[in-house]
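So, here come the structures, one by one.
Look for subunit A in each of the two complexes below; its partner is subunit B in the first and subunit C in the second.
Entry: the complex of A and B
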């Protein structure tokens, strides 16, 4: 424990109170057994979601309610956190998501549709559009002239913490990396990648890499060890899932290399090596199992692949991913000071919203509780 | 009721020609109707089979898309699909089925990377169910276009079958009977005139003989 961790004492105490309000398994079961989405919202009225559920007018409106609840919780936690900059990683994901949407729209010469934007982003739409317009305008070829070749960065872990000023003594705040700088660079890299490789997925991948670099820079700040562990595990699991998805789609190793994220415990090079070692999808799954067996994800990968073989879909693997990350987050319950409980609470809240979305979408479509239960992971509480 | 014509030999000849043409037309239209029906039933059979396949696949894709929207926020899904990667080049050509001009779709589609090049989004923050939905939809698209082609052709053939059936009936139950009746009427009139002439000539001849005697 560092002195910096002590500054979270008040925040952690408040988090422990908020944790009591998270949905438990019993309540989730009641929601699962509800007759329809209306009844789910009615049951939610008794919980922390009461205000948001009351505002739901019908149809798909519950999506706004879920977003509003996440926004409320984020603002609340940020307000009492001694290091709000460290929590910006949460909102930054939505900012980078919005960047993807405005970049794609700018490259098509259109304005981004409202439905593609997340209301939880930290940068406003106008600023993001200006960044996107600048990035798209910069590398554009004039008529009759080919666009200049641009070097596109591939997954690497950033060498040092650029833009990070380290604090650690009582009273001094940690200045984490600035999101806007990463967003501006991401826009330029994404446009360059799109122009070099020609697919809109290159925009997503380049922006995801920039977000990852931002997360890694943030996670290197002293006191953010828990965040570092979470980023590492999330990255590994996302990369393993990407490997599986690419293998099943029969995509080549070059595209996999561009889609993998840096910063995991399993190096990107080893994943690509395993991918290249086997040409057929089936053999690639086996190669992944062999590779994962030497990592902490061996059991998860084997079980995920057997579930895929039984069901033909990867949702079983995704469920195992969620459970693995939840297990990690639950370690924060034993922490009394530091960022861990605060970050774990935010992620737990997001996980809870994911479960609620699954239930609400499922109930609106008339899916049975059993079918929904198959796909549900667990709650943090 | 017969046609209102002058009962003379010229009209008789004309009507006989018309009757012959009508009978030939009737036979040809009946043949056309039968062939159209055969083709129509063939299309209906193909349509039924293809529709079953397409509906099953679309149902599966809708389920996968539903689960994808349940696993990620609508903004993530909409952003992922906001910039399509595949291009569809659709050319509409015209085919002739027994005089009915039906559309035939020639299409080619795909991206630079072929079948593996379907997905216009990054994998890190999108659910795997989205891949399954995109794959199922892409597998359905050729059948969906073929189904549209067949359904439109069947619809046009049905209209033509109905039109031809009405023409056959009009010839069979209206025009041909009327022509036959009119021909019969003119023939009777002409025969009667002939008989009148003959009687008149015989009477004249008798009167001439009587005068000479």
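Entry: the complex of A and C
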């Protein structure tokens, strides 16, 4: 514990009270047993979601209500956090998600549909559209002239000192990287990748990588050790899932290379080696198991592949991923000072909203509680 | 009025007994206050419980002040008749003040950190506040011991 961590004294104590208002397993079970989405909203009215539930019109507009609740919580936590910049990593995910939607629409010569954009992003729609328009205009191939090819290489963690001012002394706020710079660069790289390789997934991958670079730069700020651990685990799990998906789809190693993210504990080159070592999907899964056995993810990968073989879907693997990250977040319950409890609470709230969305959508679709329970991961509270 | 080296050393001892525990308690009470205000912002009903936890690191400052008070009493500051002390008697007062000055300084920090952790218990499990108070109270033991040691030493110094 450092003196810088002590600055979180107020924030952590406040978070401990807010955590009491998270939905526990028992309450989620009651929601699961509700007859329909209307009853779920009725039950939610007794919780912290009271205002959000009341704002739902016509029983179907939960997306906006849940997003509004997340926005409220983010604004609240940011307002009392001594390091609001570190929490911007949370909103940045939505910013980069919106960038993908805006870029894809811009490349089609259209405007992004409102429903595809998250209201939680740090940059407004107009600014993102301007960035996208500039990127699309800059890299446009003139008639008869091919777009500049994008070099494919192993993704690496940005070298050198982080693009941040080193803080961490008492009373000094840490300035993290500016998200807008990463968004601008991501737009240009994504457009170039799209024009070189084709396919909207190239945009997703390029933007995901830019988001990853932003996260890594932010996580290197002093005092962000917990965030660093989370980013590392999140990266590894995302890469393992990408490996599985690509192996099952029989994609080539070059495509995988562009989709893998740097900054995890399992090096990208090891993953690519394992992928190239076996040509068939089944053999590639075995190669992944062998590789993962030497990492902290050995049990998760074995169990995930077993579940995939039993169910034929990746839901089981994704639930295990959620649980793994949740276990890491639960370490924050033992932390008295520092960023960890604040970050864990934000992530827990997001997970809770995800579960509520699943329940509401499932109830609207008439799914049974058992079917919904199968899809649900655990809760932080 | 004669000011001797002994008197200066005794004053120095009294000053240290107030300064260091006072700094420790001031910072400690401030830290716990920050945490307590976080809880009370969301749940004002927890004011009483958190106030108790905030008060705990403040005791060291009181022990320091009481030790200094006893030195002042012994050397005649309070009676208006300052005793001209030989250097070795003054040194004894100075040394007698050290246990409370140093121990209470650091125990105030340690107790503040423990109290902050216990503020989180008050936030999540208010029914367990009794157990929560035990943890910082354990730290108090060592502050009390140093205070007693200083007091006994001060009482034992002969002043003519």
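By our rule, the second predicted complex is superposed on the first by the 369 of 381 C-alpha atoms of A that agree within 3 Å, B and C clash if a C-alpha of one lies under 4 Å from a C-alpha of the other, contacts with A are read in each partner's own complex, and residues count from 1 in each chain.
As a working rule, contacts are C-beta pairs under 8 Å (C-beta built on N, C-alpha and C of every residue); 3 or more make two chains touch, one makes a residue touch a chain.
What you are looking at is a predicted structure, and each value in this text was computed from that prediction instead of being measured.
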item	value
Three-chain arrangement built on subunit A, subunit B and subunit C clash or fit	fit
Partner chain(s) touched by A:17 [first = subunit B, second = subunit C, both, neither]	second
Computed vertex angle (subunit A) for partners subunit B and subunit C, CA, steps of 10°	160
Touching partner for A:208 - first (subunit B), second (subunit C), both, neither	first
Partner chain in contact with A:97 - subunit B first, subunit C second, else both or neither	first
Which superposed partner A:296 touches (first subunit B, second subunit C, both, neither)	neither
Touched partner set for A:358, first subunit B, second subunit C, both or neither	first
Subunit B versus subunit C as contact partner of A:26, first or second or both or neither	neither
Partner chain in contact with A:108 - subunit B first, subunit C second, else both or neither	first
When both partners are placed on the shared chain, which of subunit B and subunit C touches more of subunit A	B
Partner chain in contact with A:245 - subunit B first, subunit C second, else both or neither	first
Superposed arrangement (fit on chain A Cα atoms) - minimum subunit B/subunit C Cα distance in Å	30
Complex interface listing, subunit A residues touching subunit C	1, 6, 9-20, 80, 336-337
In the complex, subunit A residues that touch subunit B	60, 63, 66-67, 93, 97, 100-101, 104-105, 107-108, 112-113, 115-118, 198-201, 203-205, 207-208, 212, 238, 241-242, 244-246, 248-252, 255, 259, 261, 313-315, 317-318, 354, 357-358, 361-362, 365, 375
Of all residues in subunit B, those that touch subunit A in their complex	64, 66-67, 69-71, 73-76, 78-80, 82-85, 111-113, 115-129, 131-132, 135
Footprint of subunit A on subunit C - complex, ascending	31-32, 34-39, 41-43, 46, 113, 116-117, 119-120, 123-124
